[in-house]
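Alright, structures below, take your time with them.
In what follows, chain A forms one complex with chain B and a second complex with chain C.
What follows is the complex of A and B.
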């Protein structure tokens, strides 16, 4: 990102006034600098009781003013998130506990658990399995990109792994829908190479299809974050360990991975949450029971306009996401304590 | 990253270009060691080939479907190739072109809305002293860290009541509230990376706060802001779930069209639409590091 402009800051005032008058000038508009720390005026104030006190009061005034201005700059964005994200979330939580007359009830949760417990377990299984597989793939690829000693293989891998990076879930669903079908390319290749008999070819458009689509789409994202963090590491430890004869997988697990654990967790939590709220992939690959909670939510709304049970199901999936977030936060806190 | 590469290649150079940098390998350069290295090369090529198949196989399958006129069990490849379905998709009265137009129009509006609020917010978060800064950053992380389905479901219900459901503005608001988040994070990282002393120099020479922002800070942060604009654009073009709930029944974006074609069993139309959606995604994937270094990307999630 070499983007330093050649002309740099405006050179208008080419004759910088020397000595004392420069300091005076700086003091004059010091109150406008949007920088941290106490206002300039305060620290270069010459002694002399009341003048300094006055200036300090002035500084406090400016500071609170500036904080207000900073807050005003953030406010519109906060409002958009508040109105179009947080408020609907609250509505969802409220709607899940209210019956037709507006009284408190747990009936919607009872009905959700009654009808969809299997799907809840199915969802947890899919998302956890996908997350684990994504972690393994990402660690393997990012590790080789960092520690690989065959330059051409590293270059090829770096070019290769990221193709699905920005492919939307809905397209990944369509791609896997044709690739994993009984008549899809995967089966033809497996039969062609003699790995399976034509008779045992089967459609993988069930839980396996969802997991494959998730890993295919999300692993490059986590790998990108992880490889970035690994590239930023100091290489001295790695090289020292290598010189002492440690095999590369030991270096990866014992030296590299502990230092990038935070980045890995961030990537995995974001993927975990994304997979929990994807509707298109399960809808296209495996719409029949048992399926993922998102499909059930869409079904309750489109077929019965049953927002109450839909909200209860949503809240249950929020609960799952909270487990993921808590897992991440606990590690983040432990990291801070250790530091 | 390039520095790391250089260091890596520099450090593997003395061992004579071989990929086993351990001194032992060339001390006993017996036939056994050579065979082992040969086996290692074959294994490496095999793993890379498998990975290439895993990544490009599904994509190739999609391309085949896009050009297949006839393809049914048990033939391995399409029985006939042709452009009949392409002509149908791009027919002047076809709804694919209309959906493409809708998608791009919504994405452009989403970028404008998102950046209009994200640039000031990013500047304040990246540059200014802000009370409860951590809490505010956390609030902007929320839409990424919380499943979006409940939000879409309930916002669709509210929009239906106030007449925003099924309108372009309704969909733009939903997309913007989500795209905004990434935009704020990237913009604040971009502004934070601008060297403060350059701003101070400009201010020292008498530039007003606004002139300084316009002529120094903004141009220096431009690559990051550009990246956030592209991110928001892509996210809006690719968005499915929100449009599915809020846009119904009048707003049909490209992902919705693709989904409907696929569920209707028309794999050719679905695959052609999917290819259209792939173009911006892959183009961005190829240039992403020109805008954002991986370590900045890694900073975004922190």
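What follows is the complex of A and C.
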């Protein structure tokens, strides 16, 4: 029941050899694409006779039935998306522009920007920096998994890197809270191995803690996508380059990466948006100023029951996420065009 | 052996199914930290069920801080707006701000005179919640208090007042830590204490009203001092974060909830050397209230439950001894119900006299809002 094949069918029909089989094929597609099908199907049907008319009526009947069935099939999904996703989003957007009497106002945005501009900038900084670091870590790990020449090391790395994938953000936050504290485990190890003096130990429970938690949690996700894409590449190019004496890092940067750029971008955009929406990590590591916008949203609701400013803040972070979405869509469109 | 135990499990199962048919479930919804839910589920509930066969007490937590009470308020308000005849919350445990809002919106039942324990309460908080009149609608479950905790190994003579603290942090930078206004109420309480300390005349207005929006200027001025102060201190991640950092020796002093401190101490999670101190002119504390929603389904049972929870025996054994809170009813009824040593443990560092003079209520809600918002505007920007 491939009803929603927007790209494939016409092209397939165009490139099919002319003649009977093409018409038949077109008719077959026509049945599946109700909007395009009828005229074409009708044109190709043999002319004359009540049998044909009957067949046509029967066909219409089936087609309208199928259209209904198709609609009924997507209806539950549409309802869920509409009621639980689109409606709250619209309500929240409307709430951001409404004052206590229901009139239009920009006061909530003015207040958001007045109190939380620093936090907005902080959020952007944290998320962008984390995304860059995630990219570096993911490329390094996926690159080694693809080009590594030591089977045992590759196997161990492949086994190890996925672990954080299964750990929720809130747990990652809690782990970091004890790991990165001034007298936490990290500093104990560093002092114990003589790498730093006890006096220079410092707490990393600030922006650094958030970035470390984000990279730790999200890099495996991007690596997973990236390593999959790299594994699917034709190895001839890689082997040719290696035969000609290119070092592995050149192969990674000049040959492998350009071919998996799309996958990397998609993984990074998804991580970017996910990190924008995390409340638990900043709340546990650095809830004070400056902090991430999610903490401020929770704070407006919890302390002041002020949904209006919280809505305005949400819209502002939606704006940030929209940048990610724009990237994603542009890439998705290009991919379809290239296909 | 195996067969017998299987049979007894089956019998138990049958019994519980048989029992379930005749059971009434009392829904208790509690704001506050997890220990509040534990208190009802592990301590109060089982005792009440034992005394009232056929009753099942079910406690649900809505989360710490005012936000927990806010969630209960939103639930009741929704049922009120929907015109429901019976609301599915029988007993709620809420903060002062929550109780004030709920009374204002007619969401609660006036029940104090209908329970015996109603006569045992004496503190002003039973009538007044942050300036709102809640007389008759609430009974304090317990009182809690914010105080400074300090490590006497590092701080030989702790500062006795906010004024002394200001000097102290300059001499000992990064040794005092608190959790700002976004990480829990002990930080919020510290900020309230700071503002009230800056002008003794202001304190009375903050606690008793009337509300005057012009006070914002005075509040902001006092918060400017806090901005300077913040350069010498450490920001901690949350109420528990302050205790954690004290334990790890990362800070030497910070504001904490007294009950949390004692509970950690009793659980062996706290450096046993750490002590408490209540600085002049004072830090805020607050009660949690038992309230009954206006259309609670099992209102009579709810009254019985609260009456039991407020009895001197339960207050002595549960509230004071097991959970380290200050009693909700007049202490004179509680003290006689427990061994002297147990009672004194609660007052080791902070004497009842200290508590009476330096344990302050939180400011009126409008001032509260002005102060925390002022903090964001003046200190954080």
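Just so it is clear, the second predicted complex is superposed on the first by the 265 of 339 C-alpha atoms of A that agree within 3 Å, B and C clash if a C-alpha of one lies under 4 Å from a C-alpha of the other, contacts with A are read in each partner's own complex, and residues count from 1 in each chain.
What we mean here is this: a contact is a pair of C-beta atoms (placed from the backbone, for glycine too) under 8 Å apart; a residue touches a chain by one contact, two chains touch by 3 or more.
The structure displayed is predicted, hence computed values, not measured ones.
Trainee: Output check: A:286 vs chain B and chain C. Expected answer is one of first, second, both, neither. What do you get?
Mentor: second
Trainee: Who does A:118 touch here: chain B (first), chain C (second), both, or neither?
Mentor: A:118 sits against chain C, while chain B stays out of touch.
Trainee: Output check: A:299 vs chain B and chain C. Expected answer is one of first, second, both, neither. What do you get?
Mentor: A:299 contacts chain C only, not chain B.
Trainee: Residues of chain A touched: more by chain B or chain C?
Mentor: B
Trainee: One more residue to check, A:232. First (chain B), second (chain C), both or neither?
Mentor: first
Trainee: Considering only the touch criterion stated at the top, classify A:266 as touching first (chain B), second (chain C), both, or neither.
Mentor: first
Trainee: A:314 contacts which: chain B (first), chain C (second), both, neither?
Mentor: In the superposition, A:314 touches chain B alone.
Trainee: Determine, under the contact definition given at the top, whether A:167 touches first (chain B), second (chain C), both, or neither.
Mentor: Touch status of A:167: first partner only.
Trainee: Please work out whether A:197 is in contact with chain B alone, chain C alone, both, or neither, and reply first, second, both or neither.
Mentor: In the superposed model, A:197 contacts neither chain B nor chain C.
Trainee: Could you say whether A:101 touches chain B, chain C, both of them, or neither, answering first, second, both or neither?
Mentor: A:101 contacts neither chain B nor chain C.
Trainee: Which residues would you name on chain A as touching chain B in one complex and chain C in the other?
Mentor: Dual-contact residues (chain A): 177, 182-184, 283-284, 298, 301.
Trainee: Within their complex, state which residues of chain B touch chain A.
Mentor: Where chain B meets chain A, its residues are 1, 4, 7-9, 11-12, 19-22, 44, 48, 51-62, 64-65, 72-74, 76, 116-118, 120-121, 123-125, 127-131, 136, 139-140, 142-155, 157-158, 173-174, 176-178, 180-181, 184, 193, 196, 198-207, 209, 211-212, 215-216, 219-220, 222-223, 234, 238-241, 244-245, 255, 258-259, 262-263, 267, 270-271, 274, 277-278, 281-282, 284-285, 288, 293-298, 301-302.
Trainee: Spell out the residues on chain C that touch chain A in their complex, using ranges where they run on.
Mentor: Within the complex, chain C touches chain A at residues 65-67, 70, 179-183, 234-235, 237-238, 241, 244-245, 248-250, 369, 372-373, 376-377, 379-381.
Trainee: Spell out the part of chain A that touches chain B in their complex, as residue ranges.
Mentor: Per the touch definition, chain A meets chain B at residues 1, 3-5, 8-13, 16, 25-26, 29, 32-36, 63, 66-67, 69-71, 73-74, 76-78, 80-81, 83-86, 88-89, 91-92, 95, 149-151, 153, 156-157, 160-171, 173-179, 182-186, 188-189, 192, 198, 216, 224-225, 227-229, 231-232, 235, 239, 242, 245, 262-263, 266-267, 269-270, 273, 276-280, 283-284, 294, 297-298, 301, 307, 310-311, 314-315, 317-318, 321, 325.
Trainee: Across the complex, what residues on chain A touch chain C?
Mentor: 114-115, 118, 177, 181-184, 203, 205, 283-291, 295-296, 298-299, 301-305
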